[in-house]
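Following: one structure in structure tokens, then a few remarks.
For reference, chains read A, B and C in written order, and residue numbers begin at 1 within each chain.
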């Protein structure tokens, strides 16, 4: 159960950025996973072996990815706003290819072993089960991040602007919100979050060059089901997906892997705009 | 047994809290020429949308030749002879004028399922398309892409598509909108030359046109039918004038009455 | 009454430049006999890309799961072969039919969707089928695949040699026939209808067109052709592995098509050789992963600058050479 929750939170962190991107910028960003992978590799593959402390490595990786993503956004993604879905798919797949190739060249094609610092590689006995400390940490961080995001989204003015822009882009622009700048910020935050998820989750979700493609479907599932822009829903959906996937694999080892995909298809056909879409019918 | 070509009873439609269509009842007999007028925002286009099926009503029912079509799909209504045009042209931008009309003709003739014979060899379909093009004076632009022809011609093409479908009930949403005044004649000639047994409903703002074209006028205000009657009567009605008070409509009416 | 100048109504007319591709393909057979095995794979992928062109370029359906149609054709024809039916042509047809039926079954359900939800569903279906095939080891051989596909001599006369001569001409023959079929379809009234659906589905409905039915028909045909391509893959490789159902294959097909130019029928036929050449060459000469850089970069360049892919560039070039007169 805990596995499911921590898995879910991890997915949530990674997915939230994509939700905002897709909802706000209306861009099919299949390369979102690439940022997660880069974050993970930077932290685990580069910084930690160099002796950088665990937590610091993660923080640095996240910041690096944030900066990188800003550059990418300004150079490449700007042209995708309003482009056809096909173009978006192609461009982001192209980015994926390049990232995968780059990671393989830098780190080799195999799974990157990540070693937890001894202080964290312990178990905590909570009375009825003993859990790995790390999972609890992930849980804690996840909760803090999600709560922080929630607050930021709901309470700050940037958050309000973002919500307005997601609901109705042209109106938001008409009342003076600097939408392009908002995009850049949102994209940066989203990618940084993906990196956090990738780095933090490295011990749980192993890093390999094909990481962007591997978790692509799962992340897209979450985003699709939460309605492309509805951040609150993402939290629930991600948790749900994390739990269902873990449970299904645990209880039905043979058909577990399917459960998620079947659910996706059924739900999308039933409610194409996601489960919680607030969009009025047009 | 004189069932109307198109009949709507008690139509309702709201968008959120805004009631756009309020208990509208409308009747078009075969061969009728009806105009739908009203100030901007009265809900005329929405009403046409409800009748043609592009918008789903919240309440009420619609019957085409006595057959209930309230829940019927768009394509079904068209096949039954109910055709509409758009206020803002909706065409196939990358195809040429001839190809646009050909598409409509082909669909109407049931040829759209033909997988094998090249379209360019379907002489009868091409001939029909050319005939319609001539009636609307579009022949010169036949091979130009829709995205490249002037807006006025796009409006004419919109009508051409409607004609290609051999409608029994034709709903025209401001057909002359955007057409330069010297070309408007072509359009209304084409409309006038339509088979007399077709029922035509036209949304119009130009009262001259309304007087010439319509035998019956519906006045729509805030989604409700204010009054129905022959043009002269409607335009002389004090209620209707009150609605158009303060706008250029006053002079339009004045001009209409004097130009009788 | 002329149709000259009407791009669509003139579509069925053959252009002399087209012959060039087919002649080159034939010339290749004589010029490079040692590369025929690889070239046959290229032809198979070209056929796959052609089927995707029908779906994407003409019907406007953006699918990331087209490999499913390919894979179904491959596995079905391999299975009937292993069960004892060794005739090649019918084997391929059965594979195609299976894929076509699959499309007819799920098409009406998923083609109601468009845009992003649709892309997601195709991804989901691809993932499901892949996992299912992975698990059903008794049927698909799982990770090990299905080896041992053996074929009777073609038409009873041509034996299948190790050097792949029969194989190459066999696939080229299929490609020719199916290409001709596609050509007829896209220049027919149905083809025009598909284009209308792609451009303005709402308007199509207002012309009375049964949009869903048309889309399903287009999808079924594209699926069938992809299925035949899959069957050909199984036949010429004498083997079917899980790869045929993977997202990788779907993306490969898409990239090949876009590289060559979407919506031109020849796009896949140009893109496939180019893509596979780059892949092959880069893997041999440079580091095995450099080619991904190249392809990724190419994709970005194409999206940013050259919409019509390589054929689009060629068109532009020709237009400039002729002085801007079409």
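Please note the rule applied: a residue touches a chain if its C-beta (ideal position, glycine included) is under 8 Å from a C-beta of that chain, and two chains touch if they have at least 3 such contacts.
None of the values given here were measured: they were computed from a predicted structure.
Of all chains shown, the one whose average CA position lies nearest the global CA mean is C. Distance from the centre of subunit C peaks at B, each centre being the average of the chain's Cα atoms.
Subunit A and subunit C have centres, each the mean of its CA atoms, that are 33 Å apart. Averaging Cα coordinates per chain places subunit B and subunit C 43 Å apart. Computed from the mean C-alpha positions, the centre of subunit A lies at a distance of 50 Å from the centre of subunit B.
Only residues 56, 62, 64, 109-110, 112-113, 115-117, 119-121, 123-125, 127-128, 131-132, 135, 247, 251, 254-255, 258, 262, 287, 289-293, 295-300, 302-304 of subunit C touch subunit A when the two sit together in their complex.
Residue ranges of subunit C in contact with subunit B, taken from their complex: 1, 3-13, 184-185, 187-193, 195-196, 199-200, 202-211, 214, 217.
Those residues of subunit B that touch subunit C in the shared complex are 52, 54, 73-76, 78-79, 83-84, 90-96, 98-99, 102-104, 106-108, 111-123, 125-127, 130, 142-143, 161, 165.
The residues of subunit A lying in touch with subunit C in their complex are 22, 28, 76, 79, 83, 85-87, 89-91, 93-102, 104-105, 109, 213, 216-217, 220-221, 224, 228, 254-255, 257-258, 261-262, 264-265, 268-269, 272-273.
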